[in-house]
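Chain lettering (A, B, C and D) follows the sequence in which the chains are written, and residue indices restart at 1 in each chain.
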Amino acid sequence: MPLTEDQIAEIAELRSVSQPTLRATAPGMEQHLYTAHEVLDHGFVRVIDYMGDDAAIVQAARVSYGAGTRKSRDDSGLIRYLMRHWHSTPFEMCEIKLHVKLPVFVARQWIRHRTANVNEYSARYSILDREFYIPAPEQLAAQSTVNNQGRGEVLTGEEAARVLEFLKADAGRAYDHYEQMLSQEGQQGLARELARMNLPANIYTQWYWKVDLHNLFHFLRLRADAHAQYEIRVYAEAICNIVADWVPAAYAAFEDYRLGGANLSGKALDCVRRMVRGEQVTQETSGMSKGEWREFEALLS
Amino acid sequence: MPLTEDQIAEIAELRSVSQPTLRATAPGMEQHLYTAHEVLDHGFVRVIDYMGDDAAIVQAARVSYGAGTRKSRDDSGLIRYLMRHWHSTPFEMCEIKLHVKLPVFVARQWIRHRTANVNEYSARYSILDREFYIPAPEQLAAQSTVNNQGRGEVLTGEEAARVLEFLKADAGRAYDHYEQMLSQEGQQGLARELARMNLPANIYTQWYWKVDLHNLFHFLRLRADAHAQYEIRVYAEAICNIVADWVPAAYAAFEDYRLGGANLSGKALDCVRRMVRGEQVTQETSGMSKGEWREFEALLS
Amino acid sequence: MPLTEDQIAEIAELRSVSQPTLRATAPGMEQHLYTAHEVLDHGFVRVIDYMGDDAAIVQAARVSYGAGTRKSRDDSGLIRYLMRHWHSTPFEMCEIKLHVKLPVFVARQWIRHRTANVNEYSARYSILDREFYIPAPEQLAAQSTVNNQGRGEVLTGEEAARVLEFLKADAGRAYDHYEQMLSQEGQQGLARELARMNLPANIYTQWYWKVDLHNLFHFLRLRADAHAQYEIRVYAEAICNIVADWVPAAYAAFEDYRLGGANLSGKALDCVRRMVRGEQVTQETSGMSKGEWREFEALLS
Amino acid sequence: MPLTEDQIAEIAELRSVSQPTLRATAPGMEQHLYTAHEVLDHGFVRVIDYMGDDAAIVQAARVSYGAGTRKSRDDSGLIRYLMRHWHSTPFEMCEIKLHVKLPVFVARQWIRHRTANVNEYSARYSILDREFYIPAPEQLAAQSTVNNQGRGEVLTGEEAARVLEFLKADAGRAYDHYEQMLSQEGQQGLARELARMNLPANIYTQWYWKVDLHNLFHFLRLRADAHAQYEIRVYAEAICNIVADWVPAAYAAFEDYRLGGANLSGKALDCVRRMVRGEQVTQETSGMSKGEWREFEALLS
């Protein structure tokens, strides 16, 4: 259970006070505001604020294209057009601010997306809580035998128990010692900025993360992908659900062109053209390497 | 008069429809929403949307500093502390979206601030209006005799009339020919993306510009400065007035630490220390160049 | 002829002095250093400096993937893999600095690519030269009848002469008056920061532009594209030729995956799968709009 | 000892091969290339590549200011002028690429500087080495009693031994278990992307970090500051030494205006003016809060 009673009460209070505004509002997003969507064993994602909606994307595009834009084209069609032709700036006109609680090793992947604003809880300044990510049984998996960067079979029985014991015991002991290092009852103890170094990468941290919709889509395309590590993918999926309610037309276009789409190389396009004309193409006649051909075949089946 | 009757009607309509929201609202900013603040002869700045308020800055800072933050410190004091110590990320948690109409030569300076989102009216796609910036008489100034990058004395009489005539006539003629090049009555005419090259830099363009508060302050510090070119400074000043109503505590801190403050070098600090102790310091004994010393003296007087 | 004799002499001098360095050098790029590649009637692109080569991309990737990387995979294959899977950070490890002379209306498109460093010639500080872009006869084209944002038929005969006369005469007159406004022979004249507003968008400016290879590829994909405006496309093409000599393996991958490739939506992929299986797919049964289908058909033929 | 014999041999080899180049070279920087500067107990900083030198900054500034720049002003004076007036773009024309080995908790602070390019060793893909930061005795300090975000007294005797034992034992045990979780001798073991979560924040990671000089100065100003955490400050100081040899004039200006300088608020400037005129100013008459006054007094003494 990621939320304390205090936090639940605070959310209830924030959700009870409605203010009038002249700004664009997205009804689907108002439903999400402040509510924590649970992710992993102690994590969550919740919307703190947002700016804009589908109409704001269209409005920005019309500033660009001015009187030349055919008024009759419906918004959803225009949004699809913008997405198809990589017109990114209108999507930048929407912004979202999230409060995310997540394990440190997930935070380290996440932060590599640089075009965003971040305020993270400071373990230099404050004391971290005793909360660690311990994978659910179905997520305890062995190294993939075909992919250096992925998981294979799920562990079971004694082998699962063996690694789980390591993860739980080490996290608990590291936190006990963290506390004992900080402790000042009759002892000096160590500065917080130093003691934190004892904590493992599955401890939870939290941050405010603010990003525009274009860059959020870029993040989601990479992190909601099937090849992303499960522990960040579940955050991306939780955010996808939120975005689908916030900007339904933009999300639908994103789903079709980015999540469900694929980038074909010139070589792959050439093969497609030959295959559509009825030619039998093999890896040998494709001009592609074995790896590329394997990915290409997977895409077409 | 920068606004057409249609635009005035559209603004009135947008301002008449209020929606309930659970988001943070800034009452001072709601007053500004959509309303055009006139700048120069045909330009304006108007707020299209905003995210956050003073409390949102504090809230983000408290995420960072967590339980360690003394709850008793008042928000305004914390905001001053953040500004003083260059803690920029909490200010990034506020965002503003402006619709700006401005001469092209101003837009060219403005766009050099890269950390912002922009959708500009496309003269490749659409036809620009016949609107040019013609300086008011008190802004028709000669080159500064001391500063390669500034203005000196205001022109008067025949000299003012001489240059004004050039500016007006050339703009008018350039636009006439732009129209005649586009014209297709019995003639093919030239593509819009080519014809636009005939238009001078004082023609008006417009854009949506979205930026976070930290980067906006950076823009305002440079562009509301007395050394900024007048034509961009008036936009910066109009925005300053808006921001003061939006986030009063943050703006007050910005005014004191950035707009009204100064950066002293190590040498200058050393001179200040000596002068405070009663020592008579001259350029020769200051360790500064003549230019630095002149700027330093100006600062202290 | 874009270069003065002084400039040619300066380039010759710079090219005559070779220094020893321990840094990675790209022989193909050394050939380009300082040399001006002419673009349009007065413009150019020239390489001022560069950092890294194909091997630097591989080296950075190996830092990321460490001992897990199969050493046997050849560099070119790894670079193709990185490009195919959108691993952008290794490409960011190469950097290029260009000196570009270009018309202002091209500069205005170019600057929208924000992730780059720019130093532009300041018309606030200095006086611009009398150099304007006047399209060659084969570039004087009418508005496209099918695309709001493009060119159609080339103008000929009297119609070409008519628009050319406007462009030439207005540019010349605007510059004459710019000079007369600045002139101080017996007259005060106008500050440079004001007088420049009289100059049309086809006047040439120049800048230093520094960018990493990943962001350069993004620029080139959009600007070397057939839909880009001709006047910026020729700059992109000149840069493509330079990059091909600098990082041949990375450029080849870029050419195949980005320039020659295409992004297919989920709907389009589905159609491809059906067509490869021998099914006859039409716009009606494709699930695509007419516009999407038209683009899809063009891609496959 | 942070370097293996293999690494030392590789560095020696790289340093033995010199290539001719037409690019700007900085002799002081060539001395540093590839050589590892040791930092903390297992970390290092080494220069992999660089672009530009002091002259490149001046050259870029002259593009901007063109013929208006007085040729006689010496480069060092111009660089000081640019630094004093926050002209940041000429400094962006220099670039540096570093290979850094550093503890994860330092990397987490470092990465918050977003305007840089990074390739980090992937613990998803590869296995981390058994190397942990264990503070030297003089760095084992208690929490500051006056600053929530800093250190106080150095621990001694039994108290030092107590915390050191925790740090050493927990790191060793965590790594043993990491290895045992990965181990596949007769056991499946856990995927690398999961096993890594057991490792504490003092384990070493490494990355390539590429940044322009302007943003590097921003990083150094914050991280070479006396208030920065010691463990990142020593990296900043090692980089300062390198930069001083690379761009001596720019570094000297940075040292005077940024590292050794200070930002005074409007209120503080007003107090300075009064004090210089001989007035006795106290906190009560300063208009400053107690905290600000304390910092102001410290600055002047």
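The criterion applied here is as follows: a residue touches a chain if its C-beta (ideal position, glycine included) is under 8 Å from a C-beta of that chain, and two chains touch if they have at least 3 such contacts.
Chain identities (UniProt): A, B, C, D = Flavin-dependent thymidylate synthase.
Please read these numbers as outputs of a predicted model, since none were measured by experiment.
The chains touching subunit B as well as subunit D are A, C. With steps allowed only between chains in touch, the distance from subunit B over to subunit C comes to 1. Across A-C and C-D, it is C-D that has more C-beta pairs touching.
The angle of the rotation carrying subunit A onto subunit B, fitted on C-alpha atoms and rounded to the nearest 5, is 180°.
Centre-to-centre separation of subunit C and subunit D, using mean CA positions: 34 Å. Subunit A and subunit D have Cα centroids separated by 29 Å.
With centres set at the average Cα position, the gap from subunit A to subunit C is 33 Å. For subunit C, residues that reach two or more other chains under the stated contact definition are 65, 68-69, 89, 112, 118, 120, 122, 125-126, 148-149.
Residues 103-105, 108, 111-112, 114-115, 118, 122, 124-126, 133, 135, 139-144, 148-153, 155, 159, 162-163, 166-167, 170-171, 173-174, 177, 180-182, 184, 187-202, 229 of subunit A are the ones touching subunit D in the complex. Here subunit D touches subunit C in the complex through residues 14-15, 17-25, 30, 33-34, 49-52, 56, 59-61, 63-69, 89-90, 92-93, 95, 97, 99, 117-122, 125-127, 206-208, 210, 212, going by the rule given at the top. Taken together, the subunit B residues at the contact with subunit D in this complex read 65, 68-69, 77, 80-81, 84, 86, 89, 112, 148-149, 222, 255-257, 259-269, 272-273, 275-276, 278, 289, 291-292, 295, 299-301.
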